[in-house]
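Letters A, B and C name the chains as they come in the text, with residue numbers starting at 1 for each one.
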């Protein structure tokens, strides 16, 4: 193949034949202009057609100017917060038809939360899962559940042996033990480390929170969590049943599409002194919650006297969630009552 | 300034000119790009539920393509090393194509990341609160955007100087080229570190990931350029010597052998130890508890890579037919191995032992094809512009001689 | 032209979104009900049909058999399955049936059942006192609200104490979950399985009852 040849050769694309030889002297011919105009119009039309699905966008999907410039929670002044809460409340009213009041309880002084879970007592009934869903206004379609109860094989602490999908059978199964897992509110949280925009952070009372209006939905935190505790809103969440109107900005207010959420130890309850919803509903009292800095608390007693351990300690997350066995762990040697209780 | 504006305008016009094959190629790419845009709009309206991703497998085809393309971008700068460090002058003429590939591929990477975000409307939050240096993602943002700017500058400067008819001044591009060499290694290492640093994913938490990334990138990238250069040679007047292609072949050959060696290291470590950490690797290569969707993929990839390596080692691949076959096998094999063979298995099983398999949806695939098409479109335009400009056929002076109103010089019979 | 045709095609919405999410199954109300499993009566009484008698109403007058687990005439529905505690009067006061009996023979009031259980279940009682056993509802911070410590018999039937089994609430059904094995698949990964086949020459220590305890396999 020859190069540097000015004569057009058939195979070279950068030298097309000029079909309108005579009209080029003034530069742009009318025909050329029309062709180009039609081409440009076709181009713009096809781009518009490609963009056409956007006509289905909801009003809330497009951020308003105020939302666009909304600050990170940690930078908000009290007035900013009022404004933001008002916006969120209005959106809740629009979507769910309910008037709500967003609380914003801060961490209590001298309090660090710790959660204990008694593996000798958990029977795997999954009531905690559903109480949490109801309390925290989680989506039912697609289903989001912060708590996952694992049916574990005796002899193994490895979650590889766990069954997540045991059926609605009579529990407890005599050969298994049950280990509910939720966000451990780690003291060295890998999710906080990896978030590129600091949308999630650990507060002074130990709870790792998320600013749902700051999260960009990259899901790096979801990939980083060793306990599979984080959930993502793949679409607009659909809450089944009535909304829980006792809401806080950082915990159970309805979340938008495209952001990550997780267990917050029910901070809208626990920061005003109440127990979290999962604990309230647990029929056997396997769940223990409180302030570890208070030496008289239940959790302090458990940590002092029980054989506690943490899950996946080797990953170095320093969780605030402890599992323990009672001294009386021998119930499995006896036949469990066949009768189903009320 | 006015000169720069006319330069851009001439580039714009030049990209529409070409024979029927060029127009057909561009039309196809445009159609795919528009389809991708349409599919993305569907995703923007409904959320990421239009993809096959789940809470269990929360990163899928988008991040897989992103990972692969960062490797391609890094390797594009590989061409620079032989030229500027080893003074291999065979490759001198083709360095620009590597740099241009880097630009278009980085843009594709950024588009894939944007497509993967749950809230792309909030991506400017990165500017307000940037979790540097804790989050490796922030390092990646800096690395990728810096690399883009670096290559844009180098290519733009060289092409613009040719357009203006003056010699490029070494101080404005040679230091940047050397920085780009180091930066290329960095972008891919940082992307590897995104995955390596996560203790909760034992499949990724291994020191071998970063070296494997680089090895496979340096096999796939130059392979891509070998194919591209042959297209450039065939359809334009730019001279590409066979020695350049053979130099690139040498790079792909060595990189592929290293890649296979590192694969063997990884496989041995996982399966000989046979600890609980092997679950993800077992899922990938053999299936786990009856779930085996990825098994045929990974074995095809390994097969392709092995065949490619053999071909490259044999003297038969000095001939273009076998070389092209080896390149295609490398590109596809490494795409599978790096995309589906690296990203997806780390999520199966989940950190709690659940197995949920990932199947990309049609919408997701169309978005990926759209971004690939758009990237190829950009690359075609870049090559389309730079060949005549660098050859001296399209310059500012030519333009002035035609009073700025004629058809673009170098594109018609008159000159 | 091609672009125009394609534009028309796109406007017809070929990739229209079909949601993979089905309407969720409703969750039964009991799954979110925090009421304890038992509601013991507030005062000592015996109910027969619609009639309610105070315990001492009869037992002031009627003597009762002090030994034996089986009751001949009344209270025949009570079956005592309290392990080795087979004697009614171990717990019930022999003369005042409105109360329970302490080790010394003194009365334990009806509304203090935990003092009764503590007679034998010392360690559990100690845990209960510190909140490590049993249910604590309400407020963890007692300075801000009331905390309710549930007493023993709100979970345990004193005549048949093992905590009753329940039916588990619905399991997870997350987005695009795919088919999941409902039965367990994990038997083969269990390190204890080696104990099911102890070597005959005695090289492995035999664990009595190991075969009974472990399931036969997946």
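As a working rule, a residue touches a chain if its C-beta (ideal position, glycine included) is under 8 Å from a C-beta of that chain, and two chains touch if they have at least 3 such contacts.
This structure is a prediction, so every number in the text was calculated from the model and none was measured.
Engineer: Which one chain sits nearest the middle, judging by mean Cα positions?
Structural biologist: Taking the mean of all protein C-alpha atoms as reference, the closest chain is A.
Engineer: State the chain with the largest centre-to-centre distance from chain C, centres being mean CA positions.
Structural biologist: Taking each chain's C-alpha mean as its centre, the farthest from chain C is B.
Engineer: Would you kindly tell me how far, in whole Å, the mean C-alpha position of chain C lies from that of chain B?
Structural biologist: Taking the average C-alpha coordinate of chain B and of chain C, the gap between them is 58 Å.
Engineer: Return the distance between the CA-based centres of chain A and chain C, expressed in whole Å.
Structural biologist: Centres of chain A and chain C (C-alpha means) sit 31 Å apart.
Engineer: Which residue numbers or ranges of chain C touch two or more of the other chains?
Structural biologist: In chain C, residues 3, 6, 10, 19, 21, 174-175, 180-181, 185 touch at least two other chains, as defined above.
Engineer: Quick check on chain A: which residues sit in contact with 2+ other chains?
Structural biologist: 46, 49-50, 52-53, 142, 144, 148, 158, 160-162, 164, 234-235, in rising order.
Engineer: Among the residues of chain B, which ones contact at least 2 other chains?
Structural biologist: 30, 34-35, 38, 42, 45-46, 49, 54-56, 354
Engineer: What does chain C use to touch chain A in their complex?
Structural biologist: 1, 3-4, 6-11, 13, 19, 21-24, 26-27, 31-34, 36-38, 123-124, 127, 130-141, 143-145, 150, 155, 160, 162-175, 180-187, 189-193, 213-215
Engineer: Which positions of chain A touch chain C when the two form their complex?
Structural biologist: 39, 42-43, 45-46, 48-50, 52-53, 108, 118, 121, 123-127, 129-131, 133-134, 140-145, 148, 151, 153-156, 158, 160-172, 175-176, 234-235, 240, 270, 272-275, 279-285, 288-291, 297-298, 301-302, 305-306, 326-328, 331-332, 334, 336-342
Engineer: Touching chain B in the complex: which residues of chain C?
Structural biologist: 2-3, 6, 10, 15-17, 19-21, 174-178, 180-181, 185
Engineer: Okay, in this complex, where on chain B does chain C touch?
Structural biologist: My answer: residues 27, 30-31, 34-35, 38-39, 42, 45-46, 49-50, 52, 54-56, 289-290, 354-357, 359, 362-363, 366.
Engineer: Taking the complex as given, what residues does chain A use to touch chain B?
Structural biologist: Those in contact with chain B are residues 1, 3-8, 11-18, 24, 26-28, 46-47, 49-54, 56-57, 61-63, 68, 71-72, 142, 144, 148, 150, 158-162, 164, 181, 190, 193-199, 214-220, 222-228, 230-236, 256-260, 312, 314-317.
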